[in-house]
Structure formats: structure tokens, C-alpha cells
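Two complexes come next, and they have one chain in common, subunit A, joined by subunit B in the first and subunit C in the second.
Right, the complex of A and B next:
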């Protein structure tokens, strides 16, 4: 079935199709309409899930984790400050090896207040031990959310999984979305199995004090599981294509006109489509450039990336997120993966709008820089008419 | 009710815990086992009890335990009982938290879960300070007590969780003391058969934070009740019952002198005459409010 729906509606539908048992909910813009839709679905009797209206995001993850370790499929969603407030529990969920799913509709982090899109909230959880995917369309948000339950519950993984999507740009924009049938999803996503359940019958306990050596082994095992989850994700992705024949999940990340390209652009999320249009225009002008869209932050697809980008003359990485003082997180990851010259561009923060013209401008300028072997490693790009930005610190005005 | 404790077998506490000698939390845990039987899962919030279980992957608690970060106990238990219900299990879910995890850092999630009337027993083991991190003051520390962050003696009164929880209109609120096992076991058993949020606060005097000899834990826990510093009461669906052990507290003249309680403890070493009067005023206030509840 096809429907014109927003990213948030697509996620709510995915949760319904996955037959989730417990949902911990707490509102925060721009994620809120996911949980509102789930509450409406509950009222209409379309989902049997327990919808728990908690008093904070910390508790939203607490409820979700409590349900997950007690043997039921569980889900929550958040954004920005909410994710940061939940941060402690995000780590606790991974350390508990609890299969569960969370969607993050990304948004800038305060202070100052800003409700618009930026991926820093999502990216700041990359060390926490979760499987992390990022969607580029409402369709992908739906597909990845359904797949997330399979990946998370796979015995070779057993870790929580987070699906990101750009706040407002995807969460609130309606597009044509193909919705797989309940029968297909049921076949794809069998009833939950997990090796350990907190239950008087199984007598499992978790989370008490571990000695240094044993603690380190546990962290190591999470690392190994994330690395080896690449094959699981590809396998599940191929299987998912039966549900949505138009989809392509054979690989973790996505290549566009890359094979014969001398230069490559790296992006993540919704603006990848704008960047693809810029690539098309540059191709028409005879510039040999392609695009690489990162869909998975964790696992980090080192082999896929080296194969795709290892021989390029220059790679331009666009980050809608910051690791302040070091540029963007994607840039840092890419720099640690390939030997090719890598330039990082930080832009689009706090909802600054970046279009295909901006991509065209930055990409063509950067390729010139690569040719003359002189480029700034990290550039902060402001779009449009803004040529020169004056930055003040509190101190400089005293 | 008469009850031979010796005959009550439970697996709540296995041999080999890493509790300190004279630990009141182990006493309370044994009583939980006697009262609730074996069909129990437990959420343990950060505190002494995270350590008492011993070194993972082994565990000296016989119940299945989800150990969890400070502020998440009530939330995790909310998710747990709902998951267990979906799996058609009649298991009792118990949150076990200290006074720090209850009165301070965990209060938001406790209050939220109580307001939603989630179906579990919340057990606060109140040793009146952050004992696991070395005895720093908590919201539940009484006036005048010396702690490692109030070396001058605390200047504020104890936060009254009993009344705060009553104001949440939950089906069951009770206080107990490890000095009176029968009373605590009775209350736990009654709580077990009530549906909804049940809050029980147990006074657990800590020899190392309160500074008394570890052989006297039960004695101090009794004195707290006899001197009326600690009430044994129960409020079930608005019916207020003061336990027999505390009935004498309703009249000021029948109370045992408060000095009998404070003089045994090193934490009151800086207690001035003024501080002592403040503590006595607190006890008066406590029983005034309880008397009003009974009207």
C-alpha cells in the first residue's frame, strides 16, 4: 500500500507493524507526533502496546529498557535535549545488551534554544554501544525502523538500535511511502526471542558490580558484536527487499555515480538528495564526481568505505553536526578510515538551510582546492549571500 | 499475628553477600524474602545493595535482579510489570532503593510512577544518608546529624517522604523498621495483595554512618520506634493504622525520651541543646500530622 505520510507517521506505522509490546513516551519537538500517533493508534485499537506516558526522557528509556529485559518488544523516540537527558540510560541499555529500538528525529542542542534540524544530538551517542542508522527519506525511516527490530534482536547482535532522521525535513514532510503488508512484516519479524529475560523462571540477574577484567571483556564483546553486525545488517537488508521491492539494503551505505569518479562527496541524511543534484550538474559540466551516503554510523563500514573511497583524489565530507574544536564527526570518522585527502565542511547547523546550489558551490570550490593541493581541513560554510561571518565571544566585547 | 521467623524459608538472600557486619539492608532483604515468597523480580537502584549482591556474573540475591542507574528504578519497574503482564505472569515487581535514590535523585521517576499508579512495590531502605559513597548527607538525613558533607551537623530537617507519598493518592503507603520484623513482613504481605503503586519505607540504621556498634543495629532500629523518632504506620485506601509498637507515640507524655535514641549514635556528637529541641519539635510535628490523618 502507498500513502502520503510524514517521517514521523512512517515511524509510528513501522512500530505498529512490528507489533511492539511497550512504548515509553515523552514529548519533544520534532519527535512528538510519533508518540502522539502511537497514542491515537492505541485509542483506535490498532495497537495492543502498553503506551506508558512517563515524566521524562530518562524514564522513557527506563520503561523501554525494563520492558525489553522482561522479554517484550519495546520502543521509544526522542530528540535533542531529550536524548541528552536520556544519555545515561542510552548507555545503560547498551551495557545491558537489551534489544530495543529508538528513533531520533534530530534537532540542535541548546543553549541557546533552537528547535531546528541538526544531527549533533544523534551523533553524540556514537560511542554508547548502539547500532545506529540514519534515514534519508520517510520511506527509509519506515524501512530502517522495521529492520531495526530484526537487527537488534538477532542473536549475533543483541544490542539496542537507534534510527535517526532529520527533524522537520523528514519528520514533518509528507512524501509517498510504500507500506509493507502486516503479513509480510510478520514473516520478516518473528516473535521476539532473547537469551536472557529477567523472570523468576530464568533466574537471570544483570548489572551488578563486575571486576575490571570481566568488565573489559563485556565492553570488548559489545565492540565485536557491533563490528560483526555488518554481515547481519546486509543479510537482513537483502531479506527486507522482499517486503519493499523498490528498496536497496544490500549494503550498509549507498553509492551514487562513484565508480569512475575522481572526487567524492560524503553526506548523511535528507540533504544527500540535494547533494546528488549538485553532483548531477557537475557531471554535466564534465567534473568526475560522485556521492557516498553514510547510512550506518555504527557499525562503521570500514571495508565498504575503503573500497568506495580509498582511491579518490579528494573526498569532501559534509557534517550537519559538530565535534566542537575538531570539525564534524563524519569528517573525523572518514579521515580515520581512508588515506585520500579529506576535507570537512560543517554547515546546516541549527536549521541553516542548505540547498543544491550551496552543495554545487562548495563541491566545485573544494575540487579546485584539491587540484592545487591547498585546502582547509575543516571549513564552516554559511550559505547564500553571507560571505564573511563575524564571530564574537563574550570576552571580546568587554 | 504470630509468626515463627525460623520456619520461613526464602531464597531472597544467599550466603556470601558483601554486606558489612550488622548491615540493616541484609536484614530487610531477608524479611522481604519471608514475606513475598519466590515469584518476585527486583529492580535495584544504585546504592549499597548494588554492592551487597557481590561480584558479577554471580549474585548473592536469590531473586532475579535488574540493577539500574540511580534515577531509573521506578521507570524500569513500570516497563517490567507491563512486560510481565503481557506475558501472562503474576510476578511481584519490587523496586529496592535507598533514601538517596528515593528522596533525591530518583524522586522524579518515583513521583511519576506513583502518579501513574504503576503496579509494583517500591521499597525505600532509609539509612538517612548516602551510605554507599561514604555517608554524605541526603534529603532524608535528620537535623543535627553529622555526615561527611555536613561535618557541622545538618541544619535542615528530614524530608518527609511519608507525607509526600500520601499526597500521591496511591493505594498503599507504609513505614516499617528492621527492628520489628513481624510488622514489616505483615505490611509486605498486605502490600503484595494490593494492586497499584505500593510504597513502603523501612528504617535501616547503619552502624558505619550513624556510628554505633554493629552488634546493636536491631536495638537502634527499635529505639527509633520507641522514642517515636520513627513511626510505624500504614495507610491503605485512606484507612490509617498506627502499629501497636507506635501507639504510645500519639500522646506526648507516653513517648520514650528521644535522648535514648540519639545518645547511642556518634552522628549526633555535635548536637547542641538547640539542635536537640529542633529534633524534638520534628517528632512533635510528625505525630501531630499523623494524629490529624487519623481524624
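Right, the complex of A and C next:
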């Protein structure tokens, strides 16, 4: 079935199709309409899930984790400050090796208040031990959310999984989305599997104090599971094509006009499509450039990336996130993976709008720099006229 | 590639689940003949390593962490804390 829906509606539908048993809900912009939609589905009797209202994001993850370790398929969603407030429980979920799924509609983190899109909130969880995917369209948000349950419940993985999507840009924009049938999803998602079940009848308990040696062993086993999840994700992605014949999830990340390209652009999320248009225009002008879209931050597909980007004359990485004082996290990861010259561009923070013209401008300028071997490693790019006016104008004289 | 091993943070109540806490000890409780077998030390020991057998308390030094709680609660001062050194 096809429907015109927003990214948030797509996620809510995915959760319904996955027959989730417990949803921990707490509203935060721009994620709110996911859980509102789920609450309304509950009201209409379309989902049987327990929709549990809590008093904070910390508790939202607490409820979701509690449900997951007691044997129920569980889901929650958050954004920005909410994700940061939940941070401690995010680590508990990974350390408990509890299969569960969370969607993060990304948004800038205060101070100062800013409700617009930026991926720094999502990227700041990358050391926590979750499987982390990032969608580039409402379609992908739906597909990845359904796949997330399968990935996280696979015995080779047994870890929670997070799906990111650009706040407002995807969460609130409606497009044509293909929705797989309930029968297909039922067949795709086997009954829930998990490594252990906490049951008051048994004497088992979870998360007790661990001696140093065992603690390190647990961390190591999470590391190994994330590594091995690469094959699991490809396998599940191939199988997903039965649900949506137009989808392509054979690989973790996505290549576009890359094979014969001398230069490559790396992006993640919704603006990848704008960047593709810029690549198309540059191709028409005879510039040999392609695009690599990162879909998975964890696991990090080192082999796929080396094969795709290892021999390029220059790689330009766009980050809608920053590790302040250093550069974009995607740029840092890329630089640690390949030997080709890598330039990082930090831009689009806090909702600053970046379109295909900006991509065209930065990419063509960067390729010139690569040619003359004089590129700045990390550049902050401000679009259009903002640059001249705002940057030169001090806000106060302190 | 399969993970080499899987490991989960689950524990079961069993002897020594928290490790050999006896390693932590710098002073050890020694029960003298004054003991009247009242069970107070058994009730209070946070590690569950002191047991009253017959009319005398006995300490399991593999797990006794030397906190001295037993010596403090003993109504007849039957336990003395002695340096391990």
C-alpha cells in the first residue's frame, strides 16, 4: 500500500506493523507526533501495545528497557535534550544487551534553545554500544525501524538499535511511502528472541556489580557483536527486499556514481538527496565526482568504505554535527578509515538550511583545493549572504 | 563473521557471586570464647560470611571483608579485630 505520510507517521506505522508490546512515551519536539500517533492508534484499538506515559525521557527508556528484559518487544522515541536526559539509560540498555528499538528525530542541543535540525544529539551516543542507523527519507525511516527489531533480536547481535532521522526535514515532511503488508512483516519478524528474561519467579538478576575482569569481558563481547552485526544487517537487508521490492539494503551504506569517480562526497541523512543533485550537475560539467551515503554509524563498515573510497584523490565529508574544537564526527571517522585526502565541512547546524546550490559551491571549491593540494582540513560553511553580514557583526561588546 | 563469544550481565545468587571479597581485608574478626551464640553477628554481617555453629560464631575468611560490623554489634564483645599484617 502507498500513502502520503510524514517520517513520524511512517515510524509509528512501522512500530504498529512490528506488533510492539510496550511503548514508553514522553513528548519532545520534533519526535512528539510519533508517540502521539501511537497513542491514537491505541485509542482506536489498532495496536494492543501498552502505551506507558512517564514523567521524563530517563523514565521512558527505563520503562522500555524494563519491558524488553522481561520479554516484550519494546519501543520508544526521543530527540535532543530528551536523548541527553536519557543518556544514562541509553548506556544501561546497551550494557544489559537488551534488544529494543528507539527512533531519534534529531535536533540541536541547547543552550541556547533551538528546535531545528542537527545531528549532534544522535552522534553523541555513538560510544554507548547501540547499533545506529540513520534514515534519509520517510521510506527509509519505516524500513529501518522494521529491520531494527530483527537486527536487535538476532542472537548474533542482541543489542538495542537506534534509528535516526532529520528532525522536521523528515519527521514532519509528507511524501509517498510504500507500506508493507502486515502478513509480510509478520513473516519477516520471527517471535521475539532475547538473551535472558528477568522473571520474578526465577532468582536471576540483571546489571549487578561486576568485577573488573568480567566488566571488561562484557564490553569486549558488545564490541564483537557490533562488528559481527555487519553481516547480519546485510543478510536482513536482502531479505527485506521481499517486503519492499524497490528497496536496496544489500549494503550498509549507499554508493552513487562512485565507481569511476576521482572525488567523493560523503553525507548522511536527508540532505544526501540535495548533494546528489549537486553531484549530477557537476557530472554534467565533466567533473568526476560521486557520492557515498553513510547509513550505519555503528557498525562502522570499514571494509565497504575502504573499497568505495580508498583510492579517491579527495573525499569531502559533510557533517550536520560537530565535536567542538575538532571537527565533524563523520569526518573524524572517515579520516581514521582511509588514507585518501579527507576534508571535513561542518554546516547546517541548528537548522541552517543547506541546499543543492550550497553543495555545488562547496564541492567544486573543495575539488579545486584538492587539485592544488591546499585544502583546509575542517571548514565551517555558512550559506549565502549570512556569511558576510552576520559573522562580521559582534552580538555584544563584552 | 560470528562473535567469538557472547556474554551477558546476568547473575544468579550463589556463593561468591560478588568475587572473593576476602582480598579486601586489612583487619580480621576473631571470635573469642566469650561468644554466647546469640546470632547478632550472623544477622548483621553484610557479606553473609559469619555463621553460628553450635554455640560459637565462625567466620569464612575467603569472603569476610573485614568491615568490623560483627565486632561492633556483639553484645558481649566476643569479637576482636586483629591486624592482618
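Methods note: the second predicted complex is superposed on the first by the 381 of 398 C-alpha atoms of A that agree within 3 Å, B and C clash if a C-alpha of one lies under 4 Å from a C-alpha of the other, contacts with A are read in each partner's own complex, and residues count from 1 in each chain.
Note that a contact is a pair of C-beta atoms (placed from the backbone, for glycine too) under 8 Å apart; a residue touches a chain by one contact, two chains touch by 3 or more.
Remember, it's a predicted structure, so these values are computed and weren't measured experimentally.
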item	value
Side-by-side fit of subunit B and subunit C on subunit A, or clash	clash
First, second, both or neither for A:56, with subunit B first and subunit C second	first
First (subunit B), second (subunit C), both or neither touched by A:97	second
Which of subunit B and subunit C A:110 touches, first, second, both or neither	neither
Partner chain(s) touched by A:231 [first = subunit B, second = subunit C, both, neither]	second
First (subunit B), second (subunit C), both or neither touched by A:206	both
Superposition-derived comparison: subunit B or subunit C, residues of subunit A touched	B
Subunit B versus subunit C as contact partner of A:384, first or second or both or neither	neither
Identified clashing stretch of subunit B versus subunit C [1-9, 19-27, 109-117 or 145-153]	19-27
Subunit B and subunit C footprints on subunit A, overlapping residues	96, 203-211
Partner subunit A, residues of subunit C touching it in the complex	1-13, 17-19
Contact footprint of subunit A on subunit B as seen in their complex	38-41, 43-44, 50-51, 53-57, 59, 61, 63-69, 71-80, 82-87, 89, 91, 108-109, 111-113, 115-116
Residues of subunit A defined as touching subunit B within the complex	21-22, 24, 50, 52-56, 58-72, 74, 88-89, 92, 96, 198-200, 202-211, 214
Of subunit A, residues touching subunit C in the complex	95-97, 155-156, 158, 195-196, 203-211, 217-218, 220-221, 224-225, 227-228, 230-231
